[in-house]
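Below, chain A partners chain B and then partners chain C, in two separate complexes.
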Partner chain A sequence: MPGNPKNSRTIKIDMMARVEGEGALNVTVKDEQVQDVQLRIFEPPRFFEAFLQGRHVDEVPDIVARICGICPVAYQMSAVHALEPIFGVEIPPAIRDLRRLLYCGEWIESHVLHIYMLQAPDFLGFASGLDMARVHPDLVKQGLRLKKAGNHLITLLGGRSVHPVSVKIGGFSQVPTKDQLQGLKDQLLWARDAAVKTLQWVTGFAFEDPEQDYTFLSLRGPSEYPMNTGQLVTNEGHHLNVPEFEEHFHEEQVPYSTALHCTFQGKSYLTGPLARLALNHDQLSPFTKEIFAETGFSLPCTRASMGIVARSVEVLYAFDEALRIIKEYEPPPSPSVPVIIKAGTGFAATEAPRGVLYHRFHVNDDGTIHVAKIVPPTSQNQRRIEDDLRNMLPNFLHLNDTEAAAKCEQHIRSYDPCISCATHFLKFTREEVS
Partner chain B sequence: MVNMKIIGLGNPFMGDDAVGVLVARQLHVYSSAHVSILEGGLAGLNLLQDMEGTDTLILIDAVHSHAKAGTIVRFTLPQDLEKIGKLAWGTSASSTHSFGLAEALTLAHTLKALPTHVILFGIELGHLQKGQPLSPPVAKAMTSVVNRISAEELSVSNA
Partner chain C sequence: MVETHISPNRKQPRVAVVKFASCDGCQLSILNLEDDLLALGAAIDIAYFPEASSNMQEGPYDIAFVEGSITCPEDLPRILELRQQTTTLITIGACATSGGIQALRNWSDIAAFKQMVYPNPEYIQSLSTSTPISEHVTVNFELWGCPIDKQQLLRVITDLLQEVKPRIPIHSVCLDCKRQGHVCVLVAKGLPCLGPVTRTGCGAICPSMGRDCYGCFGPAEHDSVHPPGVPPNTTSLANQFHQHLQLIPVEMVRRFRGINGSVQSFSKESHAWEPKK
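Now for the complex of A and B:
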């Protein structure tokens, strides 16, 4: 391996495309052994938990939607599901279904973007989605049309496609008519077929990264694939109620990152599509199960690169579920139920596209927020990504810096980390210490 | 299908980056069955969806090219794609996936999804201070672009 006189070297990758947010990777190597791996996030802190203090609960869904341009629905869903039990609100089934439909739209938009524009280029040997579009325009068009179908669901239910505005405590400010939902049916039928093709396509990719010994975490409910409700479960047999989250999951500050690291009983774990699929595949719709079984792909997927398969299964499921909800939809008597504000503490976890999103709120008598706590999926997966890289890096040390860095980038990208709305620039540093 | 879509791009809370959106808001009076006026946010992939279903597309965005603040540039697509790609548009350097206006237009061109006539107005920005109004030269340029679009583009479309 070439080295400079100080026995250390720095490799820089300009514009690490296709990862969201601003981060860097520092790797320390001694005597050909990996000493340390640090995934640094230097995106400035966002302070949302502090912004929420003193704001009225009615404002919460609109404020938290601003945390992410890609998964605003997830933040809104965790917020209303945490707050409603404080006020004793019972959500009628039709509103429950509409919230599930809205979440389907977000899973579709977020997953399709990652499948087609961010991760597939890695498998097909393209530097970007744009390069892939030059060679495979029809594939990219299919991806964009799928994304658009998700976009239309969010626009119809949420009032607009980015940072939707209709979600409120107690329901929605407005709900669609039966005809409006039926109007989406043809588009969703096309999209479900295209989602089948997508799943068949991605299961044919070559998955070459090593298997990992994952602790999977996801929600699991009694009957349906998890979105808004359920217990926290793991593949190691844990069943925890959401209010117990903070007893078992600990966030800690690390000096090299502005994102907190979250661990489960002191260890890293994985949340997101791979975990959801491993722990809930029996709750997929019959149609999704049938198509997935035909691919011959076996579960659980324990390679990070197989996230693209899990996302494609969930996209197919989301379209199938959307069609079911639309078919059975009867508008609720009123878009929302009355809410009587009182003091209390509420908890919720919902399944954001990238995994478990936990919220806790303490509300004062006057309906203002006293304390807000938000644990997003990417901070939960950050430690797991580092552990993966620590396991994999020995295989990369014979490569030159550019190649080793590219392997690391691909691996990080396969997790779809959402560091959110900043430049994405992965500076890869390998330091050799004597 | 409308005849014309006018899309103002940018972040309305980031100083002069608001200029594209503000041009669109001023042109809202021309909104009709034939002319659709949109606020397009930070461009990106959604722009491909927004540009569907029209013959003529007019885009307005702030640009960063070390020219004098308020300088107006006008590009025609697809001829000027390469020139557009060399400039920094709005706050695109910090938008998600670094997929900004130039990338969206290039992708649309690659997928043969650009409308027949596409014009892009760029206004050189002066400052990007959060929550602050347009700088005077950019405010002046905004009025000038509004007048140009209404005189040169909308008069033809409404004729």
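Now for the complex of A and C:
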């Protein structure tokens, strides 16, 4: 580190905590003006797109799951939905519903983890969910039990909650019986009540970060809150088909990050729970709408910290939706439909807990992958996080560096960034040059 | 393997959870302990676990759980320092224990990989291999699995709290699958199940879900008084796949070159089926 010029300071704070991944933040301040904001991600590259080449399509769901231990189902879902159209596979309604149920499980376990163990400690002034448990044991127990209910759903359908094993092209290797799904009902009914309490609890938090002018991006389908299907829509009136994704969204590399930055028509945008809720709240279940309306919270939420509210709404919806699917479930005649492998190109985007997850595959006629392209939600939000910080940093400049860094770290955390793949490092560097 | 112990002077061992290249799934298994998590939080002093807590304390640590493999130049000093700070170092998961799925790079040209993923590959610092922790420092205990099984994790922690050396079964998952009474997917469905050569621990979930095991708990070891035991007979299983299931050599290579493809017994088998140059 070179010596600081006169009147400039360089401050390092401890590691970024309670996020998945390693990030650093460099802020340059000159004459009381924010010059530059760089969110630096050190995620060691794991080269999934490269080593998928030459693997057989049947192996893809098991391999892409390993991109993320928090949202493996999202990767499996985007993969099978991208590959199935190549082979002309039509998925029967019961299998479609089971995939939606599996996704409900993942939204629940991922969101509840973030609500209770990662973000709520910021609002209540604790270093961790475990510390919070010493003062509020019943609250944290409720969170852990909610998370367990989500994990149970994934385990029943997929064998285990992290890297489930049953998802395949054409359906599942095995599907549950009606009785097995009914066996979840009591737990889900308890959980839906607890999800109501969670939503009521988080809407009472103090949201102090400034409002942002967001371009929201999410999927939207004709009739249901988006998970596996839909068009790409924005609050600026765009309606794009998924195969058009790469025409409008561009990944750029910046020298300070191993995650690529994705922009929409040259601008930053936001994907994830806040965007989904803003663009699809009319498709929530009647029960979820009713409870949310009672909280008096107005939409759209344009503060990043309100991500905790959007996640809590989606947890409630996911339990309600899971109960609906379980009630209506009739097992499909076969766990999967036959698949005839052929060459071609397929695209899909699904709604991972953190937002739009895009996959494109080119398949050779022997069923091996020729090209794989994967755009995860966090690389899409990375530029938006920088823009947010640029907008809000002027409010923090009167604070000392530790306090300013803590504000930035909380803000980054509120996005629930999933920058898996490294240790967690937030080096906050503020250089003041006068 | 070195005998493991916890410093007897401390009631609550100081524990660190440290991450290298990985997906976070094994750390998540700790947070997924649910009912046992709060009890665990009371039994140990979680001194360093960035994914869960902003209160990060410096070493020394009585126990460090290490997730992830060594893939970057900066990882090397980090793991050496952690080793110096730690009494009992335990790897959790396939990445830390065998190099993990990202070890598929070990058979590839990493420069070409970088070019494929990044427009400016010169910005990317990456080693040409993904290697397990034990290639760099002494590891006191290895917990296999992609992801680890949380019951096995609890068992290891409980053993350490009792100041006994952790013991986890090393036999093949095929035995447990039979005990559970699942229909054999290799015999009945003709699927290339790796269960006969794969370590137990997952609960035989793949055959229980109607599919073939793909080896995410690494190679089994045959009964032996002192581990490491005898490696599994991968050649016999491979010949079965080839002769009876008509797998062609390239499929055999892929079969053994998966999540734990870099571990010796699996990599030896995949090499044996590579086309001769």
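The rule we apply is simple: the second predicted complex is superposed on the first by the 426 of 434 C-alpha atoms of A that agree within 3 Å, B and C clash if a C-alpha of one lies under 4 Å from a C-alpha of the other, contacts with A are read in each partner's own complex, and residues count from 1 in each chain.
Heads up, the rule we're going with is that a residue touches a chain if its C-beta (ideal position, glycine included) is under 8 Å from a C-beta of that chain, and two chains touch if they have at least 3 such contacts.
Note that the structure is predicted; figures quoted are calculated from it, not measured.
On the superposed chain A, the positions of chain B and chain C overlap enough to count as a clash.
Chain A has more of its residues touched by C than by the other of chain B and chain C.
With both structures placed on the common chain, the touch criterion links A:P335 to chain C but leaves chain B unconnected.
Contacts of A:R66 after superposition on the shared chain: chain C is touched, whereas chain B is not. In the superposition on chain A, no contact is made by A:H239 with either chain B or chain C.
In the superposition on chain A, A:K148 contacts both chain B and chain C. By the touch criterion defined above, A:R160 lies against chain C but remains apart from chain B after alignment on the C-alpha atoms of chain A. Where the contact sets of chain A with chain B and with chain C meet, they give residues 15, 17-20, 69-70, 113, 117, 129-130, 133, 137, 140-141, 144, 147-148, 151, 161-162, 421-424. Here chain C touches chain A in the complex through residues 18-29, 31-32, 34-35, 37-38, 41, 46, 49-56, 68, 71-72, 75, 78, 100-102, 104-105, 108, 110, 112-114, 116-120, 123-124, 126, 146-147, 202-203, 205-206, 208-211, 214, 216, 251, 254, 258-259, going by the rule given at the top. Within the complex formed with chain B, the residues of chain A that make contact are 15, 17-20, 69-70, 113, 117-118, 129-130, 133-134, 137, 140-141, 144, 147-148, 151, 161-162, 421-424. Those residues of chain A that touch chain C in the shared complex are 14-21, 44-47, 49-51, 53, 55-56, 59, 62-63, 66-70, 72, 109, 113, 117, 121, 127-131, 133, 137, 140-141, 144-145, 147-148, 151, 158-163, 165-166, 168, 172-174, 252-253, 255, 258, 260, 335, 420-424.
Considering their complex, residues 41, 45-46, 48-49, 93-99, 103, 106-107, 110-113 of chain B touch chain A.
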